[in-house]
Amino acid sequence: MFLSVKRLPHPIPPSDKPDPKAAQALQEGLGGQFGEMRTMMQYFFQNMNFRGDAKQYQDLLRSIATEEMGHVEQVANTINMLLEGATMTSEQPNDLPLSVALDSPNIHHFLVAAQSARPVDAAGNPWSASYVYDSGNLVLNMIYNLMLEATGRLQKCRLYEMSNNKAFRSTVSYLIVRDLTHEKVFAKALETLGVNWGKALPIPRIDTSGMPEVRELESKNLHNQMWTFTNKGETSEIGKIFKGDSPFDDGGKLELIEGFPEGANVPFFPEAPQEFAPGLDSELKKLTHGKK
Amino acid sequence: MFLSVKRLPHPIPPSDKPDPKAAQALQEGLGGQFGEMRTMMQYFFQNMNFRGDAKQYQDLLRSIATEEMGHVEQVANTINMLLEGATMTSEQPNDLPLSVALDSPNIHHFLVAAQSARPVDAAGNPWSASYVYDSGNLVLNMIYNLMLEATGRLQKCRLYEMSNNKAFRSTVSYLIVRDLTHEKVFAKALETLGVNWGKALPIPRIDTSGMPEVRELESKNLHNQMWTFTNKGETSEIGKIFKGDSPFDDGGKLELIEGFPEGANVPFFPEAPQEFAPGLDSELKKLTHGKK
Amino acid sequence: MFLSVKRLPHPIPPSDKPDPKAAQALQEGLGGQFGEMRTMMQYFFQNMNFRGDAKQYQDLLRSIATEEMGHVEQVANTINMLLEGATMTSEQPNDLPLSVALDSPNIHHFLVAAQSARPVDAAGNPWSASYVYDSGNLVLNMIYNLMLEATGRLQKCRLYEMSNNKAFRSTVSYLIVRDLTHEKVFAKALETLGVNWGKALPIPRIDTSGMPEVRELESKNLHNQMWTFTNKGETSEIGKIFKGDSPFDDGGKLELIEGFPEGANVPFFPEAPQEFAPGLDSELKKLTHGKK
Amino acid sequence: MFLSVKRLPHPIPPSDKPDPKAAQALQEGLGGQFGEMRTMMQYFFQNMNFRGDAKQYQDLLRSIATEEMGHVEQVANTINMLLEGATMTSEQPNDLPLSVALDSPNIHHFLVAAQSARPVDAAGNPWSASYVYDSGNLVLNMIYNLMLEATGRLQKCRLYEMSNNKAFRSTVSYLIVRDLTHEKVFAKALETLGVNWGKALPIPRIDTSGMPEVRELESKNLHNQMWTFTNKGETSEIGKIFKGDSPFDDGGKLELIEGFPEGANVPFFPEAPQEFAPGLDSELKKLTHGKK
Amino acid sequence: MFLSVKRLPHPIPPSDKPDPKAAQALQEGLGGQFGEMRTMMQYFFQNMNFRGDAKQYQDLLRSIATEEMGHVEQVANTINMLLEGATMTSEQPNDLPLSVALDSPNIHHFLVAAQSARPVDAAGNPWSASYVYDSGNLVLNMIYNLMLEATGRLQKCRLYEMSNNKAFRSTVSYLIVRDLTHEKVFAKALETLGVNWGKALPIPRIDTSGMPEVRELESKNLHNQMWTFTNKGETSEIGKIFKGDSPFDDGGKLELIEGFPEGANVPFFPEAPQEFAPGLDSELKKLTHGKK
Amino acid sequence: MFLSVKRLPHPIPPSDKPDPKAAQALQEGLGGQFGEMRTMMQYFFQNMNFRGDAKQYQDLLRSIATEEMGHVEQVANTINMLLEGATMTSEQPNDLPLSVALDSPNIHHFLVAAQSARPVDAAGNPWSASYVYDSGNLVLNMIYNLMLEATGRLQKCRLYEMSNNKAFRSTVSYLIVRDLTHEKVFAKALETLGVNWGKALPIPRIDTSGMPEVRELESKNLHNQMWTFTNKGETSEIGKIFKGDSPFDDGGKLELIEGFPEGANVPFFPEAPQEFAPGLDSELKKLTHGKK
């Protein structure tokens, strides 16, 4: 089972402007083949189907799977923030409150959803569970997961260079850092199984000094910290693996924290009558007691 | 964000026998169009994309979304329990340890996964995010969700009549009761918006006295109870909706409980060397310290 | 069986201008998850698979299924009208008669089809029969169908606000009104099963006075009229359900008409040699006797 | 627009026995890549998107599209007939009324549908509109359609040899003959464009004397007859093409008939309470007035 | 088995400018339903599954299948050429080296791939093996293949008219000519089975004098030449079919050549550090010895 | 470009018996997510999209891509061999020559194809190009490819234990050995980039002494040999990587061979008139000169 915490992992600043193109690009991080829905589901399945008594690996998968659930929220809320304000309220019969939709890369943001996130990738393809990999073989799963996090980080680095919208950059930078941590988790797990990575990792192998938002998060050691994401009183054996030196040649010291990060408020999204969302007229509003 | 609790919602008794056919049937409840992956994701998206200040509905969606995460675990573990023992360890060159796979309805249980659950439906189709519905319109979402839970319950009632394997029946019965509760949640939400359901609900409209496992759970009032699935100290406004009398003519009194149910232990699944899962030989085992 | 009537349900005025973006938006109404191909197929399957002797519901499904076949034609022809004139005939080697395709949201309109409609949604995804819902349970099917029509109407209201192209608006407005009628059909069917809708419906719950094209059709009572769409001499029991007062609080009086609406001419689309459509050279034309 | 005629093209005798395997095989003729849903939709789109004044080809497409709608009904009803009786009504808690589902090739017949047809092929894949072909080029469309009918006939000949269940054979034989007629329509259309087929057609090129059910239908000249499937009073130019000698070396004389074939009654399918279909309890039945 | 020859079939001139729109259009020729991946796979499967001793048809399929492998390379390399230069190297923190991606029709060219080709069509749909047709019936397969080549040529003629970018036009023109040759191969095969095509073919039936790049290739008789694409010393019976006069009324003389065309160099694509491709830093480069 | 060699990589002994279940299991090796169509296409795309001058990696990808083309043939032909004899020729009207199809796990083997291989996986899902991975990042691609080969080998080891049919085992064993070689290629490539694998590889980490068919091939050093699969006279830089000691602790000495293996004859598959394949009647046969 899981419990809800009504906080996002990381704050989302307001978008510089309504930005449907950045929103659509960021969909790759939500519903893409290497996005957060996929990492969440993949680790969840590997955790549930785990065989044998090497519990530290099973726990490790569970902690990351749980963190990824929060990443799904982080990305979806950022997409919503980027879309906010893109349409207008109709005042007169000749207004075209949703005309922006015809010039947006994914019209479904406005036509199927009410100016909000969709479980699709940046090219509009729906997420598919055929992405989920679970071979049952421990070494193989760890290699796959390492590759998955490295690909996620690679794509987020590419996203970083597509837009400097503040809302977009903030979340993308956060994920670049967290994907690096997860890459370390799986690289470390493979170290416990005898692999020495030399200088092959991390991927991409870059100097992040050109990415100030990333640098700032690294200055807080976020790229070396894992939370257990366990309910109070529960234990996790992930610490048998995630400890000591970083598996990369970056001099990092790994740090395990019980519980979850402090996080940030979940943004409030106002009514969008031009989208008929939530679409309550005055009589229905009286019933909901939402406004009195 | 979310937190992990290493408990299942409901205990899973051992399977009467290795039962790949029942396992494949139950896949519908996991990766089917009306299965637990879908309810979880649909409510999750509706929660994240919610617009306006009628927070009681947004909170309601979050509590159920969180409960469904545990249902995904419940079903996946039950599938694993049903598959357990279906194959044997090879002793000699002429043995065929996995020959059962050729007579099973989904060979992927043994060939792609290591005798374990897959994110597919009972006909083998991978789960697709094109199933996820979120119109942004509150009344419409509530009607869809009511229909979704009713369809889920209908399919589980049909599953109930396909097999009397104890592990299968236990989880199917639990879900019949929980889907009924969720049907009540959405019916009640629509009552707050003015609808009177008469005798049209629940669906299916049946006397459960022919289903002793279901009856037993109803005798504990499980069909009228909701948990908030919130972390300690968090509040939820779901109680503004889920209170008072059942929206159906069953005389139920709705009961909201803070937190989560006590639940049951997560089963342990042993190594399956014939599946190369986890596939650690003695040297790798030494490294994992799993066995010393 | 079915018979063809070479008339469209509603006239299509010429497009204000060649308008590939409006054409692509309107694809949602044709091949989208809540478009006309889907309603047509869903009611068709529910009609064919109907069980039991409550024939009024089976007949109701058949009448609407048949009407939807005409709606498929209405939308496809409107898309063709919107695309008409978008390309030009090549005169010289340096001309680029189809260059508009590179700036259009769905290049397949020009590359795969010959400047004409495709069985896809507004994001380019092919229609899938996995959309078709038929549970076999009468109450459940009616709830689903109500939701389906309400979602269709919601999306068409959003489309209305995306473009004021006259060809586009005419068909979109017609469908807003017809979807409302169909919403009434299913709401009424559920009334006969005991539900009282209060003020929860219709969806979206809006004042259409800001939509003059819709208003005009409502002034002809089109939002309260159903045809049987039966061949001369055939009877339909739909009238047992579709009669009396509107199920919504709009004061409407339901009206059932035998047969089908008068409709309008099917538009003629001229040859597009730049698309090689139909691609008959002078010798082949002599053979077809199309021109003499 | 279209009108409904509540008749099937061809009578369906009762199934020799409940036969889920034959039912699943026949799904290929419904939702397969070369089944009736596809032919119906392909000709429908080619008809709607037709360019130019060679109306005889456009009308030809419309007549066959309309006939295919009835074929969809024919096949779906036959599948339902084959499934009828496969499950039983539960009498006692230990009964397993739907256990047959676990041994059936498509469990969705019983779990998702209520013992009835699904829009999928014989391997369980949902029908996809990506099958629909419309190039806009007249010669090319005619060649594709010829190939489509020939493939349909080939698959139905293979189906014929898979089962001798009477309900199955009756519909399969009917379609073998109708597909042959449609093959002639498109071969003839290509003859008007200058092609001479020699002995290459029909496909498969077989002596049907080993198929008595087919032979009987041929003895009524059904393989040389086309109906216009037009509403009374409408004209169709298909007769400019479908006339004179068969395009194959079979000595046939083509015959065009205005209107539609006499056909047969649509079968009645009784309630299946074990499937909760239609799922009306005694109180709801009173409301529907279905039983008094 | 197959052997690699590191040559492209046809030279690719540099692109006039970085041209992501032309690149995306050309994806239809790679991963589209009628593109080169499909022809390659379809003929490959028909070759492998061939039944009977009519070896000339089996060999014919193999030669064309092998040629299509080279066409896949031709198109993918042309897409890469069109994308080359579209992004820039980042110099400073405020640069947006990949911002072009947000204005490109398929963001995946830059986000998933490293500014390079993808196995998708021009609308972004992944190639699917459900496109591959192999009925096992010889006449039917030949008709299908003829239609496939004609559709491929039709689409390439449409592409020709969308852009005059030199890199784009060069490859598109080459394929227009080769598809014509392949259309002749299958038309000829059907001639050997008794069909006479009259003036119905080729499709599209156009005068290519308005297409100077095509004309030039035809002046070298490329539209009448087939290579065997066999390894030195191997024989092929394709010459039993591909010989004598063209099956169309174009006066062509068919010419079979053993081996493969001379072809052109494969282009070199430089590193794109902004895409992290190949992403080797100076230390890794030392290891690869790529630079010393 | 590529050249055809009409030889299979490895001989296929006759099947012990017609074996549709083994045939369907083996489909995973052809059209599965980790089957030969995927490895072939993935390496082909990585080769075409390669950036930079580290040619030894680009050549390595090309050699393996080319080998995989032959593996596609190997698996497809083995499936055909397993299906051979499964149906019978009809002699009399009451015969059911294809009735075996109704009891086979994939009826499409007999209904869509003519008793032959299909581009689908063992659960019937069509192969999809969404499987193809090419990030453009060299290290990442190499890690992915290593994982891909290891998963392929894992699945083939599982297949080995499902059936002891000789035709099946022969090809499966061959692929177990070749996948091991390819695993070594990519492990070695990563060694050149600094990784030390310790005892983590190969996967699965098993003693193959219980697999006599595998052992026999290993005794010929097939698990340490790579061919260049280049045309005579072409060079390949793969030898810069594939040389020296095996990257695993198995004591192997890597051996590079120019050209291709000797291989075996391609099997001949006779006509199957019950499948209408190739479906030539005596008159058409005269035309093909296949029989005189």
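For reference, chains read A, B, C, D, E and F in written order, and residue numbers begin at 1 within each chain.
As a working rule, a contact is a pair of C-beta atoms (placed from the backbone, for glycine too) under 8 Å apart; a residue touches a chain by one contact, two chains touch by 3 or more.
Everything quoted here is computed from the prediction, not taken from an experiment.
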Third chains touching both chain E and chain B: A, C, D, F
Shared chain contacts [chain E and chain F, defined touch]: A, D
Interface sides of chain A and chain F: same vs different residues, half threshold: same
Greatest separation from chain C - chain, by CA centre: F
Centre distance in Å when chain B and chain F are each reduced to the mean of their C-alpha atoms: 38
Geometric centre distance via CA averages, chain D-chain A, whole Å: 48
Junction residues of chain F - those touching two or more other chains: 33, 112, 120, 124-126, 128, 130, 135, 137, 139-140, 154, 193-194, 199-200, 203-205, 275-276, 279-280, 284, 287
Pairwise touch network: line, ring, star, complete, or other: other
Inter-chain touch pairs (all): A-B, A-C, A-E, A-F, B-C, B-D, B-F, C-D, C-E, D-E, D-F, E-F
Contact set on chain A toward chain E in their complex: 21-22, 24-25, 28, 32-33, 105, 122-125, 154-155, 157-159, 161-164, 199-200, 203-206, 210-212
Residue numbers on chain E that touch chain F, as the complex places them: 1-9, 31, 37, 41, 44-45, 48-54, 56-57, 62-63, 65-67, 69-70, 72-73, 76-77, 80, 112-117, 119-120, 126-130, 132, 134-140, 192-194, 229-232, 234, 240, 259-261, 263, 268-272, 275-280, 284, 287-291
Complex contacts: residues of chain A adjacent to chain F: 33, 125, 128, 130, 135, 137, 139-140, 143-144, 146-147, 150-151, 154, 190, 193-201, 203-205
Partner chain B, residues of chain D touching it in the complex: 90, 92-99, 101-103, 106-108, 110-112, 120, 124-126, 274-276, 279-281, 283-284, 287
